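Each of the next two complexes has chain A plus one more chain, namely chain B in the first and chain C in the second.
Let's look at the complex of A and B:
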């Protein structure tokens, strides 16, 4: 940690994550993968893994390297592991995606790329899990417990993923093929529901309380939210694996898990509403207002899931449901918080060392909320439109929504780069004597 | 003499701001105590949130600002969260401008 406060590589993770988000958006605009192709097609696998590993997981890892030490008030177990982990994850993802392209015939046959990618990803994620897990376990209370549950889910996710990759390459025999044929929902739920959602919930408790000056959520209250969510994921992974072993089908297990998952979302909504009600800062900054829209996305996802299940149409529209989960809930929250985290860390890195020696600007002087608002609004409007287009079976209009999302994300990223470059800070406060301008892609030592 | 030095230190600390709230830490009520004896200064202060990454920078900022005051020979800063900071510690005029709820 730089000055024991700032993770050196968080910005690097964010930059790489945003690059993968652009890859995914370009694929969607170009009509590669679902809905133009089948949901289980190799093109869709490329798209899904670019989003879930490249964008969301890297952004989450970058945020966790900064905020797990804050959650437990202790330094990261090893700052030195963050960059090698990023290298392994990036190389693994490229190899995996190349393997999927090979599987779909877009590249010459080279299915060995799939297990190679899996091994690299398992190695990279293992470094992340050990580093963050050993740090979070120093004080496993409140939000840190969510992170630990998220990391356990990540392990389940990459174990399933590695089995699938080896099975697709034909290296596992019939057992791997059998697990691959039924286990995809377990892999997806452990990843999206366990790793990404439980972790996002935990981090959001701390970030919301910290930036709105609200008391932390009561530990017993958040423990109940976590228990129901972790039970849903645990039941999916353990019960689902048993059901696959017994060849008894996944419907019962997934139905029970869905009930607990919904209960966890409801309890999380109660907790977040409590933080907003108890906040001491009445004015909501842009990142909070936009995070609120991601909570609306989470609630809409729950309502959509119930409606689709009640009308027996969940399987037909699982793509729209997953799209809303990934872009309405998770990506919306990550973009909103990234906007704030970059400003906050940039301030600490640039002005923290000169505090007391010279006047410094505020964090809010680094951002131009009025300009950024329209890009966030465009992004959310495009995501909701895209969800409706998927439900309506309109792939061409979905591509138009993806184009609008891209415009929104380009606008947000431009604002983030301006923050990093201190472009909106007026002189003479911009770089007072002794202050050093931050590097765009990492925190200076 | 000691009271006058304490006043000058308090004024000097106004260069340190809370980056989130954007106001100086003296008017925000972060400075709980300043004691002075033979040029040795001991400051007890707080911050809005325990564990916030800005906390150690605030502490160092206070150290730096106090050390620059003529007559100060050494500075020791203690960060405490007992009692916890509340918006009621903010100067009333600034509290209103920051938009804190009256009930808080």
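Let's look at the complex of A and C:
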């Protein structure tokens, strides 16, 4: 009745996500989009959506298809939707990016690609939202509640995105253009702050407690963190929409939302520190040490945001702020957790069937942390330098930082592939009687 | 002093029927603070973790003729609890555990490895019980694939998960 607890397509989502991450890194190295082009340019739109939909959203969906059933101890509503959703999302993203390229004159004019991409993306994300939402609502406590709030934010994000896509194609008349002119911050905050950050927070509570052998964070405590965060996003979306409708400007709404957002980050920091303090497992594995660096990124983001707002330079440096949010906080956390999740799922898939009947390796025997550490360190160092280069207005040095990030990610991905191939497991234990090596790109049913 | 409501499922059991719904409806009719006094033709071990999950501690005594009286006493409500996971009728005649494991201080996934190893050593129909710190969600499918049945739930302290596994008979 609990069913098969290994999600079949999580590895497929991870692989596709990493492919999009490489696309984004190559664009940054090549100087396509911000900072070489303007922050609102079509090239920057290509870059931003390759990162946020292609890399982060697909990686997050892949992780959620595996972990939402674990959070609620029930099978996924429908395992069969995961692959069609991935197909729709990939096709939608390609169409959307082609539409942006056409908008910028890099492709022949074909603006209908934008609404087409939006429709495909909305269809794909809707499958994900319904599938995960119906599963998470079976036991809406603790982390599952964060996921539900994240999914609601995802809906807000794609509704705005779809309106923009139709408006850019000229299919909406003046109303769409009006929303497009001032609604972009709402789209970005709902996506990065609501969907990606709230969901990452929720999943991290359970993963951290599970991997460090700590008690779960008290429900009342995490509820407070979620309430402030969800309020910040909800206020941005609802209050911001109202402000757009009244044409009254977004400053007041966004300022209040920022205060609640900061409070939520502070409460989250308190919760995470509590998990670290209460952990039974004293030794921190690599994924945990690297996740710590992403928490540093989140804290740095809060500090940077306050400093920029206080000096009235937020608008000028919103690119650097977003870069730190996307690569220092979210991508860093996803890469660190992906490293562990792949090892754990590969171990479970390969050795679960023979466990207890024959000696099997430990999860840690699948990884070579010593080798992987340097790639993670290189990645984080490059991200922080890249942020500084953006703040300093040095686009060429930023490209060098992007190149260093790429080297780090190549190293990490190579390690992840070695984990999946069991390449570091010594041979008598590698495939004991009856164990079957896993496929690189999906789990066997 | 706890007031106990009597539920005698011996006639139901002698008739070869399933008494679980009778017990659950009696449970639903309890006033706050009331307990349940259950009479059965055997010691209903799997029921204990189900009741623990619902916030009842148990104490049992054997009556004449191998029958049992069990007192289920309400305890202070713990934190929000996971629903009990079952692949078996919670009212089966399960034997006392042949093996008892305390895996609370083992690093995951070591508890899973130990429980599967111990389960494979069980004789037909034998059971093992294990104490854990969390619901072993990744273990359940492995048990299921090997034909084991299990019952599990958090004890009223809210921090210890008790799992009982029964080998196929």
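Rule of thumb we're sticking to: the second predicted complex is superposed on the first by the 442 of 445 C-alpha atoms of A that agree within 3 Å, B and C clash if a C-alpha of one lies under 4 Å from a C-alpha of the other, contacts with A are read in each partner's own complex, and residues count from 1 in each chain.
Here, a contact is a pair of C-beta atoms (placed from the backbone, for glycine too) under 8 Å apart; a residue touches a chain by one contact, two chains touch by 3 or more.
The structure presented is a predicted model; accordingly, all values stated were derived computationally and were not measured.
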- After the chain A overlay, clash or fit between chain B and chain C? clash
- Query: Thinking of the overlay built on chain A, is A:309 touched by chain B (first), by chain C (second), by both, or by neither?
  - Reply: neither
- Contacts of A:250 with chain B and chain C, given as first, second, both or neither: neither
- Message: With both complexes overlaid on chain A, does A:282 touch chain B (first), chain C (second), both or neither?
- Response: first
- Message: On the A-aligned overlay, A:368 touches which partner chain: chain B = first, chain C = second, or both, or neither?
- Response: neither
- Task: Check whether A:141 is in contact with chain B, with chain C, with both or with neither, and answer first, second, both or neither.
- Result: second
- So, does A:219 touch the first partner chain B, the second partner chain C, both, or neither? second
- Message: For A:355, using the defined touch cut-off, is the partner it touches chain B, chain C, both, or neither? Pick first, second, both or neither.
- Response: both
- Under the contact definition given at the top, report the residues of chain A touching chain B in one complex and chain C in the other. 3-5, 70, 73, 210-211, 213, 280-281, 344, 347-348, 352-353, 355-357, 360, 363
- Give every residue of chain A touching chain B within the complex, in rising order. 3-6, 66, 70-71, 73, 209-211, 213, 280-283, 344-345, 347-348, 351-353, 355-360, 362-365
- Item | chain C partner contacts - residues on chain A that touch it in the complex | 1-5, 70, 73, 139, 141, 210-211, 213, 215-216, 218-219, 280-281, 344, 347-348, 352-353, 355-357, 360, 363
- Item | chain B residues within the chain A interface of the complex | 13, 15-17, 19-22, 48-54, 56-58, 60-66, 68, 86-87, 98-101, 104
- Item | chain A partner contacts - residues on chain C that touch it in the complex | 79-80, 82-83, 85-87, 105, 107-109, 112-120, 133-135, 137-138, 140-142, 144-145, 159
